[in-house]
């Protein structure tokens, strides 16, 4: 049997750990052959196929990123995309695919599976918002990096008695903001799932100053204020003269400064949250996902995705899991209300 | 309502995070009063009781150890222990206890609960071997520290083409060894649950050298070789002239050196695995345990212990969970066989 | 003798380590009394004076920030500033000051010294640009944090074959950019001391892509392109309708994207570089600075500043050192030319 | 010109950074050819010579260990060692060597230089005890790891009110112990340069307990008590029936326990101090050493060693620097007396 492996979407700590365990188990236990498809679905479209054996995966467990490259290419956005993917697979005698990716990549996988291509999915996202699995690898690393940054910012905030806003990743879900905010002892945590009241945020800030502590506000990049709270003057012109909104972190710092009279500053953590060596938790999870994915291939259990449930790895129908983003549950968010302000 | 809090057994990153969230929620949401019992059950025996309010728990979230101190004292090993505990609680008008500890501490708690004392347990152990909960806080931090050490040791092993043995915590269970070994890319992982065959370990070591890589062997301190494999000469005399066995790590390095002809060395990670700031995961888990424990107190749901199941915090009867140690499941261990050698 | 201690300017890892060693040695060896002046020169102006003894400095060695608070207040910008400072010192019977701060704070100190106030300076700046000393504490910590961020960004850049720009601190000098850029293996390092040629930067970027590696460009926030290279369209309107330039990192990413045709992104490290626990090097240096500063006080050697020369701590006249910023030497910068591109 | 590179002695973070900068500058700026000699002087003896070009050094800057391997082989301990080294160099047309190593490796280099072999030395030692240079690379990394371990151990010590002994590297010099001990806030620091008084150490321990803090004792592996203080019972029998002394850390913990009545424990940090990614400081220093070493080769300035003096890299005659070990200066040690006890 010949198995193709590809990684799609944004890079994420743990991708290499999955590739390694897929190949190690596939070769050593089932005597499968492997090829890598370069740069996600782009490699499938363009026939960019590379050899993939045990020597290629030695030493990659602790390395961030992906040795196979990645892209956001969607074959279904190309007229003859499906055909070209099928051509690549048959040209290289690929019997089955292990597809490692997030919502978009797995959505393509689900559709290809319906079209008869044998494949197994492995969920990947920094943001932890793939439904059906308790956690995705990469998330723990991102939360750890963000928490360490918040730890550091506390001392700056205290020394200058200044409010600090930390913008973390999370366009559609607030998982990183919530976990890192709780772990970092934030005084307000703003997530996309719940439009925030800027007046309440300012009240939190003021109540913190009142007891002589400096507030830290953690905000997911996709968080938004309640309707009507973002005014026209918040929009600036970009370099082409178009109106644009500044990032939510910058907006917040400006509002807090104006409304409370205390100078607030913003730090946007950005890409550092997604790069570098995976945490031990993510290496463990990614390794197990890989082992179970290749087992699913061997079982011929195609059209499925591996997922974490408690301490078990299970298989779910791909079709079920790609429908929507996993949001932060309101009751979970409310658990932590006591720490705000 | 007046609630006492105590921490027992070995220290563990996350203890302070539990204390903080118990007090924050208890005071702010339920208007409870709190006292701390110093040094675990010792404080209950000796009446060492200290005030515990929100100012005491400010800033302790990222700090390792426990602001309440700890000990391994067991009140039931004192003739009038139960009476003295009851006296302390009534002297200070303590209506209920939050007891944070491992097997021993929770065993005492279960017995005291049977004797009519109102209490809720919070499981704590670096070793992750409390049954009924997916994970305990402190474990992720310990695994992270051990994994980072293994990462570092790889480069030394490779530079000198030398086998390195890493002894990690785990007297009765191999959770830390298994997780850190897999995350660190170990070539053999030896755990108490499965007596190892020293010949096989040496085979793993030799097969690794054969492909020009240097082997790393991770061993839990409680791992033992199969019957008959540890010979008399392995016993040395201690300073009082008594026979003692050297640590298993040292024994392994010596055996590997003698049997394979390649010089092997040992590193014993020791106490560094249990100290210092908790990982983000452990701060999250410890915080949630604290929130749910004080909610159980408020509900009058005594004799219970909080536990993690998937992403949910549940309550279990204390009596159920303290009976035995949670071992590494053989099928989980076997999942990783492909990485050995 | 009664000694006042104050910390001024931006916070910096190691401030607490200085305070601790000043107080420990002053009390234990010379039986001095101490007070703290809160929030830099503001405390001297407003009489915000707090007790400072050994119990206050216990456990602060590893903590970032400053227990005395800080500000950028300049007493000479207040009409009766000098008088008010003198009044505060005489009201609290302060015989001498230990002044820990950067260029501005030490400039005030030099002037106060000329006016007859007994004081000793300790240089402090993340940016390493105080003349007369090989290094200042805080710098090594900042470089370490920036280097770790660059390490992480490499894997993201490689996975997506994308140029990444990292903007680090350094408004007037390029020390952090140069050290972190070299330690992080950057492909271009842009510093304020040398206006850069955007065409050359783009050549570096392209040459890197040509060998199938993804470029990392490290830029100090104060770096600027050569004259004429920044065009009008780079200016956007801020929220008050004023023209402003976006940060240099953002500008670079946009230019690289437009000029090379490859998508570039920016990460601005910001405040995380100045907070949190100091590195071992900074704790060592800050501790020694404190010990030598209080010795200078005891010797009555006022109007001086402690400084690092090789492995020795020396004393310099404050007047000499506050005149100008220490720049990156062109020959040092050129040493590393071989790594660019 | 053809240049050979070798790394000898124990591995050390930064070796790869030196190799990389030597090769990058040698190839790009001077068009030199390079070969690597495997495993230190062993490769020179046995003709184990490998190609070394820019592709070999890509990506190795952040990696610990050495891509060339290392050994403690001394060619002068082989009858025809010198001849065999000369044969290897002439067989591969090697015109000059860059020799990266510690005392032993550089001692061999000095002798080979006297015998007419063209070479330049680069000092390397975790222990920082090469004379003539302010610091060696690897040292800062080791101190950082040890300091982080001490930080972690503080919380365990406090939680259990227990004395903890930390044994760090340093057989002949106390540099790591002194730097990490000061950075970690140790209450006693014991170094080989100054035999310690066990009674005084116990006094330090007791005085710490008296103010309700738990003491940390940092001891270099080569530290010894004053004459007559180590009694016969401290010697145990090893597995071959020979008398051996246990490590100094273990000995100390036992003595402290017996003499003070408080239970003390030991952690031996061991190999983790020398492996893994170099700190930013060490990457900077190692990179500069490499650049200056290859410049010395190009200048034909053989028989020299590069060294750090303040912020400058200088060249010294190899003969001068290999004579003796650099010890901790008594006056430096005494600077810190105020922190003991």
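Letters are used for the chains, namely A, B, C and D, taken in the order the chains are written, and counting of residues starts over at 1 for each.
Just so it is clear, contacts are C-beta pairs under 8 Å (C-beta built on N, C-alpha and C of every residue); 3 or more make two chains touch, one makes a residue touch a chain.
Fair warning: this is a prediction, and the values are worked out from it, not measured in the lab.
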Chain centres computed over CA atoms; the one at greatest distance from subunit B is chain C
Between subunit A and subunit C, the Cα-mean centres are separated in Å by 34
Per the C-alpha means, the centres of subunit A and subunit D lie apart by a whole-Å value of 41
Multi-partner residues in subunit B (2 or more other chains touched) are 151
Among line, ring, star, complete and other, the chain contact graph is ring
One finds touching chains in the pairs A-B, A-C, B-D, C-D
The subunit D residues in contact with subunit C across the complex are 21, 24-25, 28-29, 58, 61-62, 134-135, 140, 143-144, 146-147, 151, 179-180, 182-185, 213, 277, 279-281, 283-284, 287-288, 291, 309-311, 335-336, 338-339
Listed in rising order, the residues of subunit A that touch subunit C in the complex are 10-11, 13, 15, 63-66, 69-71, 145, 148-149, 151-156, 158-161, 164, 233-234, 236-240, 254, 265-272, 274-276
